[in-house]
Each structure stands twice: as structure tokens, then as C-alpha cells.
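We just call them A, B, C and D in the order they show up, numbering each chain from 1.
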């Protein structure tokens, strides 16, 4: 159970079967860093082309198709003082007739946010088109995009997401959470990047407060236990993640996967699982901006442990 | 500011311009009761045909088209010991291929729940197709269906919902919440019914734990302040409600309405409102079962008050 | 099999259980007229409030819930020289980002079209925001909105559609077509209006070339043969109509209903019907503008007759 | 303007930046063959893994990002006597409640079809679960999956489609049609495969009558004229293709692209183009089965040429 320190020298804008940057073992911990969605690093220097550049991939020794890869997010720390965000709500999340009657002038605007790690806040210090600077919100660092090679020779843009993970932009992927992914190729080939200092539900302006991160994560393998969709757990909930358009289909994937897990992992019979979910399920709209939307289906641990 | 006690003698399965059962004034309080979705009253006697029968409508003196009707939900108390629920997750919330490969045998099954008001719990004591009886969940009483006459001569089934309210099945409509509706016809003609002892997000089995209620609510008018969509507030949040299919459109309605309110009611400029929502908005999937789905868009009060 | 001549004196903007204007019998023919969507009659006089005003309802003696009402559209004749249309494509049919970056200035614009019945053409003679006047297209008169009372006390706006028919805006509802509707209430209560001189697929500008009509139709009853969704037949095809949002759901309704008909009316076994539809089905996007979208599922008569 | 004869020796199940199998020039013609969706060749021998294996890619000399690649489909000839098809309608195209109540037993069934090239027909000679063998339909050979490398290092499964083309499953891609694609990488890297002897709209059973093809196509380049989405023209229509889920979004892409083309290629002003499309547009539902659905937006050539 080694601890690795890895400094990236190049990044990928697809998740696929790229040459691994490091071999790690079940139980190992990795300390590394990620650049922001535009390819800016800890010094706000552009070190790679924008578009959610990924650190990695990491080859997990022993990982084989059909396994589950657990990624424990131990630390997600913004490693510079400034983040940025878009300033207009995405037109696909507003009534079309409202969009048609609104002026277009701020659509390319940006805002700049100052991170105060000791206070645990982000403050908007510049923005186009508003007098509302000074807005201060609590930091809630999260991973926007991570996952494993999707297999079958695919290399998928980090703009989107699927059963292999990807650009899920779920604000629940914070430090302290264990994420889980299905393994499709030997070594799993884990990629990570696109840190957000904070983000609202749905990522409706098309970004969180985008920033570079210092990251520490630990990997574990569950042999033969591949989920159908990504998921995870935090202190109170287990959750499953559906990535698709429209929201209805993302919700279908997440719901079906949770139902499967209640049967297979928690021993419910089919109807018992359905009754419990009916009265106790929780959903979150993770992102309603990316090419695949993300809906999260959650169940309280105290209700599923028997 | 009178207090009324009204005992219903008939019910409506549409929300429309029915003859009012009581005239009330701005500020008045009403104590009444509702039957459950199948038309069963406090004694589990079927007193009217099933299909979300409504108590009312109540004519609010002085209410005119363009006004806002505020309904403060003061008490929502299950008034009998037994509730019921469906037992299978609606096929529209599961992967179609999963549904196609699943047996159909429990689709008409029902479960029976015992309410323990002093303990604040509901316990499933009978259900078809499972050994999972004994499940106990906390009571969280909520109104499934309420709203005002939609105007233009329409009478809309209580199966569905729209800008006038209706069968929104949002578990956030609990005691302590102030709901708000646009007024379309003189007197507003407020209807209420379909109480749930508790319910999960999305109402994915097609029902909560359905029960009859004793209800106390208070009405207030805001002249000329009609919202475009229903909404409300609780201790921590203001919220707006979008009712439509698919989820994407319900979310568009709720988001657009919240944006409007931040400008009109809370004094934000357009871009300032969009930036704040981008990093701080919260969504809830209220129902993903009824003919119109319901998505709720929420903002923390501490962030919108300036 | 009488022939009736009915001159309307009032109109309805909901489809519901209104007082019948005429009693007719199975096999009878009705000659009547309809005003345009804005309530303008053959002399371009506004005789009723706009919003797809309906002529009727007609009470078909002997029609009972569970029956099918067949309406043979015999003549649909524009009865004045001028029609109108909107001039901008509805924003819900365009990419949201395109709409967000487009100017809003023509959104309320209108165009005026001259009807030349002898030439069989409509020519656009005035329009806001374009130099493209002079456009001439062939007449293809169709009924935008017709149907029967939906039952259960509902009165539904003529803006939308459902299993009872309504504002389907399908350019296939032309003279020579037999439409079919399920009967929900005694007498069926048939409504008709909203004539278009012509229309594109999808009604994407939110209107056809809107005009008043002289109409002749004949009704027939099929006892106990209620379809689940409206439909019809022309010379070459039988078709079923699904009304819902989004398009995916409208298509699901139309496809499921056609599958049912192939079994029940045409004697296919389930798999045989599915195989045939798989290789031979045709779809049309009737409207993608109204609150309920309309998709039509068609099968060639020569393939289903055995 | 050379004519090439190319015999494939390997195939790709992604569309991406694979090593080219042949260099060709603007104006050249290629004669080649494709295997069926399961990887079976002209002798019904499995020569490669199933999943829409592609012949190619072909490197078009001089093609650069921003160009348009025109592919004239000259001949599409089934090159064996037997095709196959699935036998059940995809559950995502049927009402969820209908699917939930239907038996699951034919879901993996297959049918076998005999091709009679001289008669121009396909006859179903074997199928699981039905007595309906003997069904004979006219041949209408079409390309299911073709397109160009999507760029940015992506390699996308031939199960799906996007702006680069892919698995569009549009029965309008027949011999005599000129297809057009945007070029993203030097040489365009054109892939082709997945021939269907015939197919219904929507490909609702998840396949056409799948067969191997002899193919002849000719390529042309239009410098700097990249469309935003694939398209094409036949004798009567120009058309644009949108690939996305749900149908609503696929239609948005196709409609927006047609509007752009009417302005840029045909000289309409914005409102003139919108008015014309409103009254004359045609849509086709190409596929409603694949991960990305496909909607085609068509305009008659006689209406757009001025």
C-alpha cells in the first residue's frame, strides 16, 4: 500500500486507452495535481489545451474487465487563489421563449473568483455585465470529471460522460467520498481532472468556479463486482449515477442501477427494494449542461443496511 | 381574520370553476379535511370516486386575476391509522430494456401501512410480493394536490399539474410551508386534497403512503403579484415549481421562474441573478410519475436577501 | 342518413361537455363552418375570442363510452381569400444556443397570404422582416383541432391535445381522410375548428396559413370499438396519432396503438406485428409546437390487409 | 479521377483516427465491400467481431478541417442471399406501461430473410415466435453507418452518431444520394459499413434487414464549406441530419442546420427562410433506437432554388 507522488507533464482531452503515466496497486495512495478546465495550472499558466484536460491515466495493477474500481477521494485542495466561472445560465435550462426574447450580450462573459482557503470561501471579484461583485460563497471542492477507459477502443471527449464516468459535474464528488467505477480494460486506466472550488446543482452556467487542484486519492479493487453505472458513498448515503440525455433517461439509469444494487449488494427482494425506494429515494440533478446530463439516485445507508 | 371549520360533503376530480363551498377572506384560517387519493375518508369509508378527490373550492373574497394567493400550510395531520401505497416502481423511471425483461406480476400490488402518530412513524404491515414487511419510516405529511382554478373555462383532471398547481406530489409541501399560486379567476377557487403520510423523491411508485388528512391553512392575497408558476418558501429556502413533461421542461419552467423572481422580488440584475443561481441553485425532483412531472428550483434565503 | 346544415352562433375554446348545438345520427352528414384560430370568420370579422374556437359540439345519437366515432372529412374549403401565419420558427425547435445568440425582433411578426382557390395556391403578400414576399405554395387544407369531450368532467384548452383528439395540427387530416376517436361521454360531443390552408410538418412557426373553412363531414359509429388514441385512414395508409411531450412519448403512444390495432383489427400475432412494423413503419412529425406534440405512426394498407 | 478497387482485410468498430487503408483524390470513385452489423461477409462467414464493423478509413488527399466531404452513393448492392433482423420492437419506442405488462420471451429472437435481387424483394423465411413467415417487402438498400473521424483524438463507437455522421440508420441514404460531412482531420478519414437491405422508419426493432454490401461511391471536396451536421440531397430534396437524444434535440439540430443552409447556401434572409420552413418543411424519424436518435429535416429543391 504505497504512496505515490506524481507530477503530470501532459494531459488528455479524451478518456481512453492512453499510455499509463504510473502503475499503482490495490490499496495505493496517489498524490497528484490537476489543471483547470481551460488547461491552467497552479500558477494560472496555460500548460495544455483547454477542454477538461485529464491527469493520468493511472494503471491499477490487477484490474481486469468486470472488476469494480473504488476511488477514495481523500483530499481535493484548490492550489491557487483564483478561479473563474461563466456568467450566463445555459439556454437549454431556461424556457425557450424566454431565451428567444432575451438579449444575447453576456453569453461569452466570465467572472473571476478569489479563493480564501483559511476562511473557506470564494468571492466573486470581477464579472462582465453585473454590479453584483462581492458575492461570497462557501468553498465546496469537487471533482468535475473522472473515470476509467471505456473499452472497445473508444476515446471519448472529456466534455461528456457515460457508464465509465467522465464529465459528470456532480457536486457530491467531494473529499471523503468513495467513488466506484466499472473496469473495462486491463489496469482500468483511471483519469482525473476538472476541479471546481464550488458549483450549484445542474452546473447551469456551464461551469463551477473552475480551478486547479492538489489531489490525494486511494484506489481499491473489488474483483468481479463491476457496477453498471458509476456510484459511490458518503457518510450518510450510497448513490448511483446515470449519465445520458435527457434528464429522464439519466434518472432511469440511476434508478435501475440502485435497484440492482439493493438486490445484489444489500439482499433485498425485487418488490421489497421497489417499495423502499418508492418512499425513501432521493435524487440530485448533478448536471443539466454537458452533452450527457447526470442524475444521482441516493438511498440512506441506515435504510439499506439490514 | 376569521377561523372557519368546513366539513366537505362532496369532492371534485377536476380543478376548475366549480361552485365554491365557502367564502373566505384575506387572512382567514380554514380547518377542514381531505379524503385520500382513492376517495377514502378518516374511517376508511369510500365517500367519493377515486382519483385525487379535492376538498373545495374555497372562494377568496377579493382575489382577482393577476393576484397571488398565498396558502400557509399550518397543520397536515393524518386522521386515521392506515395508509396504502403501490409496490412497484413506475416503468417510465426504469431503463426500458430492464422493464422489458422483468416479470409483470406485481404491477397491481398494494401495501398497507400503519401510522403511529405519537412515534411519528409509518410501518408497512402488509404487501404483495415481498417478505419485507416491517419497514418503518418517519412520518413526513405533505399535500400531493392543490391549486386554483386554471381559468378560460378549463377543468383539469387532478391526475396532472400546471401553472395553476395541481397534482405536483412534492414532498416539500409540508406544514410550515407557505405555498403561492397565480390567481386566474375571481375568488381564486382554491382546491386541496391527496395527502401523503410520507413519500420519496419522484413519487416513483406512483403514490406516497396515501391517507386522509385534517388540514388547517391560512390564505393571504398579494394584489397584482401573480407568479408565473407555483412556488413557496420554508424556513431556509424560497422555491419555484415547474410542472411539465419531460423533466427537462419542468426544470426549464422552474429555473426561468426563479430567475424572474430574483429580479422582480429580490432586486438582482439579470446577470447577477444568473451568476448566483449558477453556483448556488438547488433542484428537487418532486414527481416523475404524473402526466406532468414536477421539478423544484430552490435558493437559500440567506443568499437572496440583500 | 340525414344531411344537416348548421350555422354556428357561438364557439368554445375548450373541448368538454358543453351543451350540444345539434343532434345527429350515425351516418349523417353535417355542413357547417369554422372560424380561424383568432376567431375571424369568412368575412375576416372577429366573431369570438381567439385561441382555436371550436364549432359544436355535435351530439351523435347512440354514441356511448367505449364506442369509436368515425369522422369522414368530406370537404374542407377555405371560405375567404386571406389567411395569416406567424413568421418565426418556434425556439423549442431550434438549438438553444442558436436561439440565445439570435436577435428577438421578429418574434411577434405576422404574414398575410392570399388564397387562390382556382389555382390551388396560397401566396404570401405581406410579412414583417423579410423581402421574401411572393412565395407561392400549393393549397393543402387540413383540420388543426378536432375531437370529442374527454370525459370525467374535464374541459381542456384547444391549445393542446390528448387521447380525445384536440389541437393535433397534423397536415394529414385533409378531405378524403376518415378520422377516428374514442368516445368518452354519451353523444361523443364532437368539436371541430382551426382550419389551415396549408402547413409544414411540425407546425414549427406555431401556425399554418390560418383561415376560416366551410366544412362537410359524415359521422359513423363503431360500437365498442374505441381506439386508445385517435387515428384514421387515407387511400394508402392507416395511421395512429400520439399526443404528448416530448416527441419520444408521442411516438411511444402512436407506436403502441398501431401495434394494438394490428393485433385486434388486423389479426396479426404480437411478434408478427412487431416484425412488420420494424421493417415497414412510417412516422410523421405532425406538430412540435403545441403543449402536446403529435407524432403519427402509419402502415401501408396493402401490408396490413391479409 | 481514378477508380479504385479496395478489398478490406480488417474493420473498425469505432470511427476515429485509424491508419488509412487507401489514399484517394477529390473526384475519385471507390469500389469496395462492407460486412454486416454482426461482422458476416458475402459468404455469411464471420470475419470480424460484431458491432457495425467499418470498412476504411479512406484518406481523401487535400481534405482539411473546415472542408465538406461529399460522398455520392452510386451503388449499394446486397452481395449475398440472406439477411437477418431482430424481431421485437425496442421498449423505448413503446409505452412503458405496455412494456411492463408484456411477456419478455421474444426479446432475443431473430428472423432470417431471403434476398431476391432480380425480383427486388426480401422475404422473411424464418423467425422466432410468430407464424407470420412469408412476409415479402421491396428491397431498398441503404447505408446504416458512415462518416468521418470526429477529431480531437476521439474514437467513437459505431453504435452511435454525431456531427461527424456515424450510425444514423436513415433509410434515405440510398444509391443516388449525395451525402455530405464536415471534415475534422486531414484526409477526412471516411468510414462506411452496416448495410441494410431495407428498414422501416425509426429502425424500431433495432435493425434493418442486415446484410453485406458491394458498394461504389465517389468523393468530392468542397473547400471551406463544412456543414455543422451531416446532410445530403436526392432528386427532390436537400436534407440535414441531427443526431442526439431525445428526438426533440435531434430535430433541433436538423432544423437549425437547415435554416443555416438556406441562408448561407441558398441566399435567403433569416425571416424568409423561417417563413418558408414553417409552411414547407418535412421531417423524417430516421432512427429512434441507437444511443443518438436521428431526425432528418428536408426541403424540396424546387422551393429553395431561386
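One rule holds in what follows: contacts are C-beta pairs under 8 Å (C-beta built on N, C-alpha and C of every residue); 3 or more make two chains touch, one makes a residue touch a chain.
This is a predicted model, so every value here is computed, not measured.
Participant: Chains shared as neighbours by subunit A and subunit C?
Facilitator: Chains touching both subunit A and subunit C: B, D.
Participant: On Cα atoms, by how many degrees is subunit A rotated relative to subunit B, nearest 5?
Facilitator: With C-alpha atoms aligned, the rotation comes to 180 degrees.
Participant: Using C-alpha centroids, which chain lies at the maximum separation from subunit B?
Facilitator: In terms of C-alpha centroids, the chain at the greatest distance from subunit B is D.
Participant: Between subunit B and subunit C, what's the gap in Å when you average each chain's C-alpha atoms?
Facilitator: 34
Participant: Could you work out how far the Cα centre of subunit B sits from that of subunit D, in whole Å?
Facilitator: Comparing mean C-alpha positions, subunit D is 47 Å from subunit B.
Participant: What are the residues of subunit A that contact at least two other chains?
Facilitator: Residue numbers touching two or more other chains: 92, 94, 96, 102, 246, 248.
Participant: Quick one: in the complex, what on subunit B touches subunit D?
Facilitator: Listed in rising order, the residues of subunit B that touch subunit D are 90-92, 94, 96-97, 99-104, 107, 246.
Participant: Looking at the complex, which residues from subunit B come into contact with subunit A?
Facilitator: Subunit B reaches subunit A through residues 85-89, 92-96, 98, 102, 106, 109, 111, 124, 127-132, 135, 137, 198-205, 207-209, 246-248, 251-253, 255-256, 259, 268-272, 274-285, 288, 295, 303.
Participant: Name, in rising order, each residue of subunit C that touches subunit B in their complex.
Facilitator: Touching subunit B from subunit C are residues 12-14, 16, 51, 152-157, 244-246, 248-249.
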